[in-house]
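See the structures that follow.
Shared between the two complexes below is chain A, which has chain B as its partner in the first and chain C in the second.
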Partner chain A sequence: MAVRPAGDFKITYPQDMALLDTAFNRWGFLLLVGALVLAPAWLGNYIFLLTTIGVFAIGATGLALLTGFTGQISLGHAAFMAIGAYASALLTGGWGLPFLLSLPLAGIIAFLFGAAVALPSLRIKGLYLAIATLAFQFLTEYTIIHAAGQGLGAISVRAPRIGPWVMRSEVQFYYVLLAVWLASGIFAANLVRSRIGLALMAVRDRDYAAQVMGINLLYYKALAFGLSAFYAGIAGSLWAHYNRVITIEHFTLVTSIDYVAMIVMGGLTSVWGPHLGAAFVTALSQGLRIIAPLVITVLPAFAKIATPLREIVFGSILIALLIWEPGGLATLLRKLKRYVDLWPFSY
Partner chain B sequence: MVKEALGVARIYTCNSLMEPILRGEDLHLSFHGIHAIQGVDVDVAPDEIFGIIGPNGAGKTSVLNCINGFYHPQRGRIIFEGQDISRMPPHTRAHLGIARTFQNIALYPGMTVLDNIMTGRVIRMRSGVLACGVYRGPAEREQVRHRRIVEEIIDFLEIEFARDHRVADLAYGIQKKVELGRALAMDPKLLILDEPMAGMSMDEKADMARYVLELKEVRRLPMILIEHDMGVVMDLCDRIMVMDYGRKIAEGSPAEVQRNPDVIRAYIGEAVPV
Partner chain C sequence: MAEFIASGLVNGLAVGSIYALIALGFALLYKSTKILNLAHGELVLFGGYLAIALAHLMPFPLAVLLTLIAAALLGFAVERAIMRPLFGQPVLSVIIVTLALGYIVRGAMVGLWGGDTRQFPTVLPTGVVTIGGLAIQRVGIYSAATALALLVIFWLFFRYSLVGIAMRAAAGEQLTASTLGVSLRRVFAYAWAFAAISAAVGGILLGLWLGVNFALGFVGLKALAAVILGGLDSIPGAILGGFTIGVLETTVGGYIDAHIIYGFKDIVAFVIILLVLVVKPYGLFGTEHIERL
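This part shows the complex of A and B:
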C-alpha cells in the first residue's frame, strides 16, 4: 500500500525558500513548459497569439517589479518598450549588429532611460509620479515621430539572425522568444525572493522605515525603474523583430494602460501575475475583436457599445477584480487550487 | 552580581574614561517657529541603557530623529564613534550601525514576519542584481546564511508561531516584537527604542524588558530608550535624561533624577514612582 505523506515537509532552508516549493508546483511547471514547447504543433497559425502573450508577459514582468513590488506607478511603460524596439532596429539595421547582441543592448539602453526617469521619483509620489511618467510617454512618442521624419515613426526591422542562420518562420521566432520568456520570468522570480526583492518591497511598504534599515531609496527606486525599463526594452526589441515593421502606434499610451491592466488583473504581488495578466488581456482583446462585428450584425441595437466594447469589458473586469479580488488572477487560481484540494470539505 | 559589575562600569562612564559611542552637542531644531529641541547635549556610553523621558511633546522623538538622520538640527553636531555624522542621510547612518524602532509601529505590512526581519539583513548581504537573478550559487548560499541568523532572532523573541504571517494580521504586541527583531537583524552598534512598550499588556511589557536586559548583558548592546512607563524606565536605564519643552532639565542615575525638584515640577500631577 502506498502511503502519501500528509503534506510537503520542508527540512532545509533552501527547500523552504525554493520557487516551486511543492511537488504539485514542480510538476505543474514542467507540464506548462512542456505544453509551451509543443504548442506550435497544435496551435498552427494561432501561434501568433502565444508569441504576443510572451512578448507582453516579458514587458509586464518589468512593470510588476516596479509597481507590484516597489510600489511605483508608471503610465510610461510602453515608452520604454518603444525605446528598446527602435534601439534594436537601429542597432541591427544601421550598425549591422547581430540580433543576439542588439537584444540585451536594447534592454540596457532602456534601463538607462528608466533609471533617469526615476530621479524625480524621490520627491514625487503616487499620482504625481504617474503624471510624470505620462509626460515621459508623450515626450517619447513625440521625439520618435519627429526623429523618424516620416509618418508615425514607421521603420522596417531586419529579420533576426543568429550567426548565419536567419529566422524566417513564426515558429523559429517563437522558440527564441520562449527561451527569453522563461529566462526573464525566472530571473524576476529570483530577484523577488532575494535581497533585492526584500529591499524593493520595503520601499513599497514603508519608505522611511526602509531608509532606517540602510536602504538607499534613490538607488533602489532607480534600480526598479531601470529593471522595469530593461524588461520593457527586451519586449520592445522582440516585438520589433517579430513585426518587422514598427510604428509608434505599437507603443502608445493605450499600450501603457494595457500593461497596467495586465499586472492588476494578473495579480500585483505575484510572480505569476504578469504572465497570467498578459495571457488574459491578449486573449480577451483578440476574442473581443472577433465578437465586436458579430454584436453589430446580430444585435444592431447594441452597435453603439460594440466599438468601445474592449474598453467597457476591460473596465468592468478591472473594477470587479479591485472590489472582489485585489490579488488578481494569481490569487483566484490559488484559491481554486485550495478549493479543489480540500473538496468536498470547505476547510 | 551582574548589577554590581555594571555599577562599576557606570562609575567609569561618569568619569568619562570611556569614550561615548554617541554624542550630540548643542542640538537645536525648530519647525516653523516651534522649538522642538533647544540646546540639548547627549552622551551615550558604549555599555549603557540611556533613557529619555519627559511629557508629551517634550522633544524626545525629535532627538531620535536627529540621531538617525530624519531631521537635520539647525545647530549642533552629532558624533557617532568619533565620526561627525551630522550631514549623513539616514541610510548611511544605518550602515554605520544605528538601528531604531518607531513610536507608531512602522513595519512592512504586506510582508511576512520572516521577510520583515530579513530586510534588516539586506545591508549585511552583498549579492548584486545578477547574482540575485540567477540565485543558484552565491546568492542562495548567502540567503541561507542570513536566514539562519534571522531564525535565531525569531527564537529569541519567541515569535516562531507568527513566522509566516503577514504582520498586518498580527496583534499589536507581537508587531512591536517584530519591529525589535527587524532592528536587531541589522547587527546594530547602537539600538534606539522609541516607546517599545507603549500600549502593551503587563506580560508583554515584562517580555520586552527581559529582551532589553538580555541584549544589554549578553550582547553588550548600548541602547537609547524612550518610555512613558516610569517603573520600566527606572528599572532598565543606567542613566536618564529628562526633557521638557525641548530642553534638558535633568540628567543622571534613576535615583538622582527622581529626586530632582525640576523633574518633579515638570511631572506635577504625575507622581514620579520611587
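This part shows the complex of A and C:
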C-alpha cells in the first residue's frame, strides 16, 4: 500500500474497502475525470489519441481481468475484439438495431465465444492454453476473411445513433466512449474486490487449491474468459463505430500482442494497469510514427530501420520492464509517489 | 487422385524434414529449459536473412558456416542477457519475453534488409526431376537430404558427445543432473545455441527452396504445431510431428485449398494444434504432467 498521512486511520469496514481511500486519491480521481471531460477543449484535433486510448483501455481491462487476476494467458484477445466489432457492424447495419442495443449485444456475443473457448481450459492450462488461444486467433482471422469474401473482411459501419442524435464528429463520439470507459473501469475495480474477484485470484494463485476450498473451477474460468471477451467485444464495437470501416487488419495477432504488452507495461495486477498501459502503448506508437520520418530526414542511412522501429522499441521496452520492473508502470508510479512523499528521508 | 496423393506425400515429406529439423530445436529447448520459445520463427528468419546477405559476399559454404556461428552466438547472447535474469519467473513473463525477442529480431532483420522476398544466388541445381512419374523439385530433394543428414548428426551428438549427454541428463532430471556436476547454466546456454542453429539451418533450407521474406517467421508456428502434435518435451515426437505436419499440409491442406476453400493450407497447422489440444493435450509422446497440491 502507498504511504498514507499520519492519523488517517480506517475504523470501519466500508472505509477499508473503499476504492478511493485517501483524500489524495479522491481528489486525484476527480481531477482526472474533470480533465477527461474537458479534454476536447484542450486537445483539439488530437482528441483521437484519447479515443484510441479509451477503446484499448476497455479491451485491456478485460485482458487484465483474465491474465492478471485469473492467471489465464490469452494470445487471442484481438479475436474477441473482432467478434464484437463484426457483430455490432452486422447488428446495426443488417438488422437496423440501435447502437445502444448493439453495443451490449456485441459484448454478450463475445462473452458467449469467450466462455466457449474457456471450456477446454480445465484440461489445458498455462503454456498449452496460450497456444490454444493463439490458434483461435488465427482461425478467427481466417474465418472472417473467408466469410466476407474478398478485401480482408472490409465492412462499413454506421455512425452510432443515440435517440435523435447521430455521433458524427470526433468529440461527440468521445463523450459516448468516455461514459463507457468510466463505467467499465469502475465495474472492473468493483469486480476484483467482490466475491467473484477473490475467487478469480484464488484460481490464479493455485487452481486446485481453490477448487478444494469450494470454488467451481469450470464456472470461474469460463466466467473470466467470458468477462474478458465481453470487454473486448465492447471495445471492438466502439472501435468499429468509431472507424466506420473495419477490416481484419484491425484485429490481427499484432493487436493481440499489443494488448498483452499493454497489461504487462501497465501492471498486471493493478486496476489502473490496463489504462496506464493503453495510454503508454498508444502514445508510444503515435510518437514513433512522428519520430520515424524525422530519423530518416536526419540520418538517411537509417531509412530502412525506421519502418520496423516500433517492433524493436516495443520489444526492448517489454524485455527491460520484465527484467527490472515486472510490476509495470503502476508499480513505478507507486514507487515514485512513495519517493516524493518520503523525500528527503526515504528509508 | 492417386498421383495427387503420391506427389503430396513426397513433397510433404521433403518440407516435413525441414519442419522436423526446426521443431527438433524447439522441443529440445523446451525439454531442457521449460521455455516455450515463441521467437523460434524469428530465429528461422534470422538464419535465412543472414545467410542470404552473406552468400552474396562470399562462397556459399563459408556463408552457411558464418551464419551458423552467428546463430550460436545469438543463442548464447539471448540466454545470457535475457533468460538468465528471468530464471524462475512465471510462465507469462517468459512467454512475453520470447514474443518481445521475436519482435526485436524480426524488426532488426526487416530493418536491415527490407521486407521483400530475396533469393539465394543459385548454388544448388534447379529444375524438376521425374521419379516414377512424380515431378519433384531438385532443391526439395537436396534440402530434405541435408535435413535428414543433420537429424542423424544431431542424434549422434546427443548419443555420444559429453555435452550432448549432459544436456540429456539435465533435460531428464534437472536437479539430479545438477548434483552430479552438470552445469545447468551451460546446458541452458547450449540449448539456446542449439535451438538457434537448428532454426537457422531450417531458414537456409527453406530459403533455398522458396526465397526469404518476413513471412518465413510463420514457419515457427508450424514447428509449434509439430511439437504440440508430438508432445512438447519429446524429441522423437517433434521429428515425427514435423513430417506429419508437412505431409498433412501438402495433401489434406492442398486438397481443401484447391477444391473447397482457398487458403486452407496456411491454417492446417492451427487446426491441428486445436484438435490435438482438445483431444490429447500432451501430444503423442509428451509426458503427462500430474499436478499435486
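The rule we apply is simple: the second predicted complex is superposed on the first by the 340 of 347 C-alpha atoms of A that agree within 3 Å, B and C clash if a C-alpha of one lies under 4 Å from a C-alpha of the other, contacts with A are read in each partner's own complex, and residues count from 1 in each chain.
Criterion: a residue touches a chain if its C-beta (ideal position, glycine included) is under 8 Å from a C-beta of that chain, and two chains touch if they have at least 3 such contacts.
Values in this document were obtained by computation on a predicted structure and should not be read as measured data.
Considered on the superposed chain A, chain B and chain C are sterically compatible, since they fit side by side. Once the two complexes are overlaid on the shared chain, A:Phe136 sits against chain C while remaining clear of chain B.
Look at A:Leu198: by the touch rule set out above, it reaches chain B but stays clear of chain C.
In the superposition on chain A, no contact is made by A:Val295 with either chain B or chain C. When the two structures are aligned on the shared chain, A:Phe187 is found in touch with chain B, with no touch to chain C. Ranking chain B and chain C by residues of chain A touched puts C first. Rounded to the nearest 10, the angle made at the CA centre of chain A by the CA centres of chain B and chain C in the overlaid structures is 80 degrees. Of the two partner chains, chain B and chain C are each touched by A:Val212. Contact with chain B, but none with chain C, is seen for A:Met17 once the two complexes are overlaid on the shared chain. In the superposition on chain A, A:Gly126 contacts chain C only, with no contact to chain B.
By the document's definition of touching, of the two partners only chain B reaches A:Leu227; chain C does not. Remark: least CA distance from chain B to chain C after fitting both complexes onto chain A is 7 Å. The interface of chain A with chain B overlaps its interface with chain C at residues 206, 208-209, 212. Considering their complex, residues 36, 82, 85-86, 89, 91-93, 95-97, 99-104, 106-108, 110-115, 221, 224, 228, 232, 261-263, 266-267, 270-271, 273-274, 277-278, 281, 291, 293 of chain C touch chain A. If you check the complex, the residues on chain A that touch chain C are 67, 71, 73, 120, 123-124, 126-128, 130-132, 134-136, 138-139, 142, 145-146, 206, 208-209, 212, 257, 260-261, 264, 268, 304-312, 314-316, 318-319, 322-323, 326. Across the complex, chain A is touched by residues 68, 70, 89-91, 94-95, 99-100, 102, 106-111, 115, 118-123, 125, 127, 129, 132-135, 139-140, 142-144, 147-148, 182, 186 of chain B.
Residue ranges on chain A touching chain B, taken from their complex, read 13-14, 17, 187-188, 190-191, 193-199, 201-202, 204-206, 208-217, 223, 227, 269.
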